[in-house]
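Before anything else, here is the set of structures, which you'll find just below.
Paired with chain B in one complex and with chain C in the other, chain A is shared by the two complexes that follow.
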Partner chain A sequence: MGNLFIASLIDGLLIGFVYGIAAMGLSLIWGVMNVINLAHAPIMALAMFGVYLLFVSLNLNPYIALILIALIGLIGGVIIYYIAIHRVLSAPPLSTLLATYAVNMIMIGLGTAAFSTTPRNVNFTLGSIGSGDLTVQGTRLVAAIVATVVTGALYFFLYRTRPGKNIRAVANNRAAAELMGIPSSRVLALSFGLGTLLAAVAGGLIATFFPFTILAGNAYQLKSFVIVVLGGLGNPIGSLLGGLILGVMEGVIPIFMPNSWVPVLEFILFVIILLVRPTGLFGAKK
Partner chain B sequence: MKRSLFVLLSLLILGSMAIAACGPATTPTAAPQTQAPAPATQAPPASTAPAQPATKTVTIGFTSSQTGSLNVESTRQYHGLQLWMDQVNKAGGVKLADGTVVTFKAQTYDDESNTDRVQQLYTKLATEDNADFLISPYSSGLAAAAAVIAQQYNKIMITTGAADDSTYQKGYTLVYQAYTPASHYLTGALDLLAKTDPSAKKIAVAYSTDSFSTSVVNALKTYATSKGYNIVLFEGYDPATTDFSALINKIQAAAPDAVMGGGHFQDGSTFAKQLFEKKIGAKFVALLVAPPEDQFSQLGDAALGVVGPSQWEPQVSFTQDSAQKAGLTWYGPTGADFTSTYKAAFNEDPTYHSAGGYAAGLILQKAIEDAGSLDTTAVAAALDKMDILTFYGHIKFDTSAANHGLQIGHEMVYVQWQKDSSGNLVKQIVWPAEGATAPLLYPIP
Partner chain C sequence: MKQLKSIGLWVSLLAVVALGIGPIANRSASLRETTYIIMQVIVLAASLNILLGFTGYVSFGHIVFFGLGGYVGLYLINAQNWPLWSAALAGGLTSGLLAFLLGKAILRLRGAYFALATIGINEAVRAFTNNFDPFGGPIGMTLNFRVYNSYGGAANALWLVYYAVFAIALLAVVLNFMVKNSKFGLGLMAIREDEGAAEVMGVITPNAKTWAFVLSAILPGIVGTLFFFKNGHIEPGDAFRLDYSIEMLVIVMLGGQGSVLGPILGAAGYEGLRNFLLTSPLFKNIQLSVAGALLLVIVLFIPAGAVGWLRRRVPILRKVLA
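Let's turn to the complex of A and B:
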């Protein structure tokens, strides 16, 4: 029982890092510009396909491919911002929601036409570490490390660099930031790009150990909503912690009951947090 | 304000996603037909020239999963059916008792691996497209949805890729099963284990909660218990599961001698991969559906040693002689002919899903020939009487009221991925012993 608990805890934590980084992108975009990015799911799915195609056609190591995919995610996010978000940013919130939903539908439609909804699998393994009950898959361990590094890099960027500080300034008070000479449009575009970069990294990492289709992002987007509420709205580090909590729940709950109960308990927690502590477990940006 | 807005919108999105998940996704698209439709025509009355036989084109309606999680197996099944149709048409069709020559055309749609789409599309096939006969979609769940429609609109449906016994226990009189029923899928694997290692008694069963897989493992559980096996874990998982780590941890803690279960290709191959990566140490692994697929070998070492039940394999050799010995009527091409023409047509090796698709067409063809007409009652009577041997195996249907249409002639074979002398993965038949091409690799290295 002890080994089973430890093994499940480790598996849960490892996948939790990836959930956390996916939710962080959603949280960042909401925190900076009050936009719920419904294009998060197809961005993750397209990143999975990006890693897959680079791996299959160019035989590129998935982690090298991930760097390229992250860059494409950043640039793609900036483009999406200028095309679909920028003009409706000052309109009522429903407009931005519909705008990102439209982007979602376009991307899913194009992705389905290009790849169909046939499942794909990146045939890549790093073997396993440990033995007996305590065996950890290499790809999951690397994914957790990459997620931690990316989180650290994001915090360094936000707190130690001028563009990062600009993002925080715009998030706190856009009008004041503009009065201080900060080009808010460019900062918002960069923020959206960073959010999609995080989604792309999460998608690319997931592709290294789970099979996927063009619709695979929906499940992770749904988890991201739960995590964002759990961790605190607009709080990226809270998202990471929320991801870890969700991952641990998914790992540990099946020890005590059939694993079909996991989503039930996850969403019960979601509703409880909304009712009892709507600011999330780890507070939120004021 | 900002926060409450997020909360409100989040709930709105979650609700809409749940609704969207329950509803149909896209509009159906007609797949290309294998042959241009030709309306029924009467031959001109004989005057100076000799009389030409009347011809009629029969529409065979079915859906395939061109998209979605069942795409791999369904595409193979579609290819098999397509090959049968091309061959029978090229050979001049089927001659009825009144001299009319019947050729076939396909009316098909993409069901997106979605039960709701199947019900809409089979209704369309029966009412708008006026299909004369129906072939089932792939998978027990989709076929069960189509079977209701077939019976409702008085259309004969040959099911293939639909092993779940329960579909044939609902009182339908026009639905006929080409596959060995699900209740027989893993019982042979248990016999194989018992013969190889009588000391192996602990079995963990992890299965997809779809109707087919549940039906298989319930029968397995009953059979295993009757044979004195100890089921140390018996747990289902959602068919869309991609992360099996929690379940595998439980399997590992139960320390079974054998792991059995699975579902379809996508979840089964992922499960096998993660079982291997977690080094669970079971001596015997038998999974449904995925192992017989050639793509399963792409898992590399994770495929090694995995056993899977198969409805048919190219190495299985039924011939006219074996039909004679068994006192059965031989019908259709040989296995070698089927394999070579299939490879030539689709540039891939046929799997049992391909053979099942072809066999469904063959069964219908034989029934129309025996009936000598296209009348539903006459063709159903011919199917009830059918007792033939084909390259795919023995075909005979249960005609009792309780199990009408259930396949009672066909038997499973069991394959295992092993390495040849060059270290390449090859699929070997390991059970039944009389048809085995290699001994079982046991325990899994």
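Let's turn to the complex of A and C:
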């Protein structure tokens, strides 16, 4: 029981890191431009397929493929921003929701036509460490490390570099940032690109240890919503912590009750947090 | 009844009748099925319009009321041997009750927070039914085929259900019109424009919002029971489809939010387009993408929807289109 508990805890924590960066992407976009990106799911799913295709056809190491996919994610995000988001940014919230949902439909439609909805998996393993009950899959461990590095890099970027500081300035007050000579629409495009980059990295990492279909992103997008609310909308580090909480819940709850109760508890927690502390567990009180 | 003289109401009702009379006129079962879906979408979209169009609250998980109504109704028919009509009414009232209980709490949230909360509620209810044994858990419930005998056989039952959904679609339009032209509706629209100001002007916003939420939940609950009675089977995945919920938002937006005719035009246009794309050899495989691209164009360039656009471009129509 003790070992099982610790093993589930570790498993949950490791996955939690990956959930965390997926949610961070959503949270970053929300924090900078108040847009809930409903195209998060297909971006994650397409990243999964990207890693899969590079692995299967070019025999590329998934982690090298991931770098490429992250880059494509960044560029793709910037393109999505200019086509779909830029025009409706100052319109009522429904418009941006529908615009990102339209992007979602386009991507899922093309993805389904290209890949059908049959499940795939990246047949790649890094062995496992530990013994008996206490084993940890190598791919999950690496995924957690990659997620941590990405988070660190994001923070370095946001706090130590000029474009990163621009992003924080625009998030803080777009009009004032513009008056200071910051090109706000370019900064917004970059932020959206970073958000999709994070989604793509998370999707690529998930592909290394879970099977997936083109529709797989939906479940992770819903989890990201829960995490983002746990951690506070617009608070990236809160998202990582929220991801860890969710990961641990998913790891540990099945020991005590059937697996199918996990989403019930997750979503009830989600609604309660929204009602009691809409700024999230780690957000500042307003 | 000054309102009965409004041309707008009659234009909207006429539009629904024009859409719905086809299958009754030529007794075609296949036409009835496509029209059934259009009528159902009109009910769902018009109900959503009360909350979205008039009150300005974006409910992403509105489908929870449809699914819950379906579950309650089917459970009553199956396990308690209730007749369809009272079961459907019970389904609608249960949805209304859920909206009432949730309303005060979640309607405090504004904008995106409210949208996220409605998604959470839909997913929570879906996950809960997945584990709830009286409702059949993940397998759901299948209607005993003999049930249809008391409605003159399955074929006849399908027609009865069609007449019912047709009538409810007309009712939904009348309800929309009455809300829009009432003092209550005026309060809702004040909330949409500026909630703080509405409160200062004497609108008791928590109550008004809650009643709008309840009103928008009852009819989806009723058509939920009708649909799953017709279907003969219900399971959590079919009942609480988040993408169907978002489609309703799209439809309200397409037709023009906050107008009575909008949801009707949106429903007819969207479903018509979908049927065309699904049957066209060119677009069959990428119909979702084509619909998405179209939606994007509308969101970007015609944000007021069809009715809003027509009213702005053709001033004569302002009197006619409610």
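Here are some notes:
Here is the rule we use: the second predicted complex is superposed on the first by the 283 of 286 C-alpha atoms of A that agree within 3 Å, B and C clash if a C-alpha of one lies under 4 Å from a C-alpha of the other, contacts with A are read in each partner's own complex, and residues count from 1 in each chain.
The definition used in the following text is that a contact is a pair of C-beta atoms (placed from the backbone, for glycine too) under 8 Å apart; a residue touches a chain by one contact, two chains touch by 3 or more.
This is a predicted model, so every value here is computed, not measured.
Of the two partner chains placed around the shared chain by superposition, chain C is the only one that A:Val264 touches, whereas chain B remains out of contact. Residue contacts after overlaying the shared chain place A:Met105 against chain C, while chain B stays out of touching range. In the superposition on chain A, A:Pro93 makes contact with both chain B and chain C.
Once chain A of one complex is fitted onto chain A of the other, the partner contacts of A:Leu4 are limited to chain B, with no touch recorded for chain C.
Legend: residue contacts after superposition of the two complexes on their common chain; A:Phe156 is shown touching neither chain B nor chain C. In the superposition on chain A, contact is made by A:Val229 with both chain B and chain C.
In the three-chain superposition model, chain A touches both chain B and chain C at residues 30, 34, 36, 38, 93, 97, 112, 218, 222, 225, 229, 233, 258, 260, 274, 278.
Residues 30, 34, 36, 38, 83-84, 87-88, 91-95, 97-99, 101-110, 112-113, 218, 222, 225-226, 229, 233, 258, 260-261, 263-264, 266-268, 270-271, 274-275, 278 of chain A are the ones that touch chain C when the two sit in their complex. If you check the complex, the residues on chain B that touch chain A are 2-7, 9-11, 13-14, 17, 26, 66-69, 71-72, 112-113, 209, 235-238, 240-243, 245-247, 249-250, 252-253, 266, 269-270, 273-274, 277-279, 281, 298-300, 302. Within the complex formed with chain B, the residues of chain A that make contact are 1, 3-4, 7-8, 11-12, 15, 30, 34, 36, 38, 93, 97, 112, 116-119, 121, 123, 125, 127-128, 131-133, 135, 137, 210-213, 216, 218-219, 222, 225, 228-229, 233, 250-255, 258-260, 262, 274, 278-279, 284. Across the complex, chain C meets chain A through its residues 52, 56, 58, 60, 105-106, 108-109, 111-113, 115-117, 119-121, 123-124, 126-128, 130-131, 138, 242, 246, 249-250, 253, 257, 285-293, 295-296, 299-300, 303.
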